[in-house]
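First chain written, first letter: the chains are A, B and C, and each begins at residue 1.
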Amino acid sequence: MPIRAQQPDVSVVTLTIDGQDLSARADETIIEVCRENKIPIPSLCWMDGLSVVGACRLCVVEVDGGPRLQAACATRVREGMSVQTNTDKLQRYRRTLVELLFAERNHVCAVCVSNGHCELQWLAQTCGVDHVRMPYRNTGYNVDSSHEMFRIDHNRCVLCTRCVRVCDEIEGAHTWDVMGRGSGCQVVTDLAKPWGESDSCTSCGKCVQVCPTGALVKQGTSVGEMVKDQQFLSILARRRSSR
Amino acid sequence: MNLDDLEDLAAKYRADAGDHDTEVRVCLAASCQSSGAQPVFDALSAGCDDGAAAAPCKVKGVGCMGLCSAGPLVAVAAPEAALEAGVIYRDVSAADAPDILASTAPGAAPVERLRCPSDMPFFARQHKIVLQNAGIVDPNSFRGYVMAGGYAAMVQALTEMTAQDVINEVTASGLRGRGGGGYPTGLKWSTVAKMPAGQKYVICNADEGDPGAFMDRAILESDPHRVLEGMAIAAYAIGANKGYIYVRAEYPLAVERLKTAIRKAKRSGFLGNHICETQFNFDVEIRLGAGAFVCGEETALMASIEGGRGQPRPRPPYPAEYGLWGSPTLINNVETYANIAPIVSQGGDWFAGIGTDKSKGTKVFALAGTIVNTGLIEVDMGTRLRDIIFAIGGGIPDGRAFKAVQTGGPSGGCVPEAHLDMPVDYDSLKTLGTMMGSGGMIVMDETANMVDVARFFMEFCMDESCGKCVPCRAGTQQMHGLLERIAKAEASRADLELLEELCDVVQATSLCGLGQTAPNPVLSTLRYFRHEYEEKLG
Amino acid sequence: MSSGNNKVTVATTWLDGCSGCHMSFLDMDERLVDLAAQIDIVYSPFVDAKTLPEQVDLGILEGSVSSDEDLHKAREFRARCKVLLSLGDCAVNGNVPAMRNPFKLDAVIERAYRENVDLNPQIPTEGVPRLLATVRPVHGVVDVDIFVPGCPPQADAIHYVLTELIAGRTPDPSQVTRFGA
């Protein structure tokens, strides 16, 4: 269920983020204000132009010194709010979350078409993950190359569901969805049919562009060649909302 | 219809029910049925019809009498009399039917070989508000409920009280949510009531899924109208006209009885349009859960009702503001709704006089594990754990020693012997590192291995994680792996440290309550039984 | 970080890896000359020494732990080296050698030595170490102090890490390298 502002709120609030005094529109979320002001908060599932799911938990921040952490993507700004985005504790949590993602599936960066252009790889570096302390799960996943233009490698999927949302909310096809639960979750096309046999897929490729890792890629790319262009999304989203 | 009309209706029903001094009640709730109550009921009914009974009597299928471990249970009592006022028989078989029917003759002695003393602490020390009708009324009978004083609170609310009056009573009662969180019910109601008028919903959360918990099932199987009445009163108070009961499909008997109750209440004008000839409309639908534990989480539950994947979403916005299909929604647990009718009838102040300072009223607990009296009990908030386990529960069987009691299901923790004198309420359990939860209590004796206990609950959480957020999906999986290694004595001290760190991360960063509380069984066993972990380290 | 003669003693070896990290080490080119003044390579594929000394200041392991022999080497390095460094993705996260982990070991051997072999297929048993069921990074079997990811880590990254260590500081390799770099 997407959370959207019921109506645009044009009033302005002031808040502090990491000690910096900032102003924001009242209908903005913490992460939007951070992005505008170049305050780096790691995130994976959040994407400008898509609905908010608050699933990766990498953007958790401390609000008003309270014990309960809040996802910056799912928390609206408030007048007088005080946000800490980068305490030692938060850094430790983020490091562990990234490690959990690496241990969960088989992200072998060295032989990935997205090597060098991958958000997960970049997150590991910026969060200081130079090794993964927990044992790797070592479960093998399928690679579906049945689509004539694209490929999905579930070994590299982080279940951010950007593909699911862009397909549903922007393209309007809803080819992608999630099946299973817990560690058994997997994104699927149609009712878990091979992608190439999907009746609903329009082959627009938006899912490939928004995918943060090398899970959704173009066919025919080799190691490090898959560079994604995500500019289209915010442009599309802005044009649509202004209508 | 006003209260007098309702009383007239009850009197008419009583007259229709015919003349009998005694009724033979057979528990037909799920646990007695599983130990063979249906043949007992059939034999008693057949015997009664054949005139084997010595006096005018009636055989009646009823709901849960509580002492599930002694089922099938049969009680012989005056119509509508309390359970303790009658004679209770345990472990009854169909062959016992003639003797039981014979004992109903005036002056005849009870069947001593089957007798279960009704003055035993298990019965005597309970205080029944929620379970007032359980084991007494026939859950399939709308008339039975009305004869027991049912729907009086709803009629009173609709005809004599404003919505605000109802909310005031609930607020004054100090009732807190019985699903586990303990959020003040009155506050929740008034929040939804204050939302602008328009489409609003009332939801009853009957997706009881904690291992060892069966309170909600028993309430629904024993007294479904009580829950419907509570929901209708809630709908009136907040201005809703539509309700959903989200109940797990694994409770077929509860679903069947709810369906019957809804159908009969509608037919009699106690649900539907113009309820009891007032302007109030309220319709209830049942939605079946497909067995996902996470659907007990309110936002996941609503997503499931809407037909989506049963996954939670970040809060706020809370359901009170943005709930089912975006409308303001009140969502309460079965037991919470079951408390509403008595609160409205007898007043919030009456209810507030029961229990402790911050936790009012009674609480239903399901006693399970290695305990003599397995079953369902209802006691005042603030009753000591020791009284629950040893006096009411009868202690540990086979002369073994008590080790710990697990409360709050997979979100809770284990309480050791040293803390048994703690009065049970929301806040005291929290200080012990566990929680009230929905009311499951699993008692463990000295042979229990606490690492195994933690591993069991972690496996449960891992299997039940919806997979949406990273810490819960991947974290529970890693924690379970570490617990497996510790249990097999293959782990190092570094593994234990990593386990503790993962507990912290999963607790602090998970999206919903399932993940946030998943580490609790590990943390609480580490707190009280750390040596059992350390003994296994390499 | 040195012992006795003011030179830091360094031992290196490769486990299940491609030797690319060692090649990258050599890619430090002229900087090796300066390094040679500060470190003494006492055991390595680079030098002729055949036995690992009892006491070494810095041990550098390339490759993942895939066989009995890898396990033995990793444990020996840990026991004898004051500081143990995992060099490259295979040592740090298993990398390509670990891609066999989702499969059963028998199936992997069958595939490699029978199914894909045209001439005289046979599974080698003599003179080769026994493979472990699961390929693990070095820190999966022994404690590791410094992690330098990369496939391979660039010569600059290795140079940075070594000079920091020689100077007695704790390097932060994430400044200069990353998984797959």
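A few remarks follow.
In this section, contacts are C-beta pairs under 8 Å (C-beta built on N, C-alpha and C of every residue); 3 or more make two chains touch, one makes a residue touch a chain.
Just so you know, these numbers come straight off a predicted model, no measurement behind them.
When each chain is reduced to the average of its Cα atoms, C sits farthest from chain B. Pairs A-B and A-C differ in how many C-beta pairs touch across them, and the larger number is found at A-B. If you average the Cα atoms of chain B and of chain C, the two centres end up 59 Å apart.
If each chain is reduced to the centroid of its CA atoms, chain A and chain B end up 40 Å from each other. Look at where the CA atoms of chain A average out and do the same for chain C: the two points lie 34 Å apart.
The residues of chain A that reach two or more other chains are 133, 135, listed in rising order. Across the assembly, chain B contributes no residue in contact with two or more other chains. Of all residues in chain C, none touches two or more other chains.
Chain contact summary for the complex, chain A toward chain C: residues 102, 106-112, 115-116, 118, 121-122, 124-126, 128-133, 135-136, 138-140. Residues of chain B touching chain A in their complex: 292, 294, 299, 302-303, 306, 308-309, 313-314, 317, 322, 462-471, 473-478, 481-482, 498, 501-502, 505, 508-511. Those residues of chain A that touch chain B in the shared complex are 1, 3, 52-58, 60, 69, 71, 74-75, 92-93, 96-97, 100-101, 103-104, 133-135, 137, 158-159, 177-178, 180-185.
Every residue of chain C that touches chain A in the complex is listed here, in rising order: 86, 89, 92-96, 98-99, 101-103, 134, 136-137, 139-140, 144, 147-149, 151, 172-174, 178-180.
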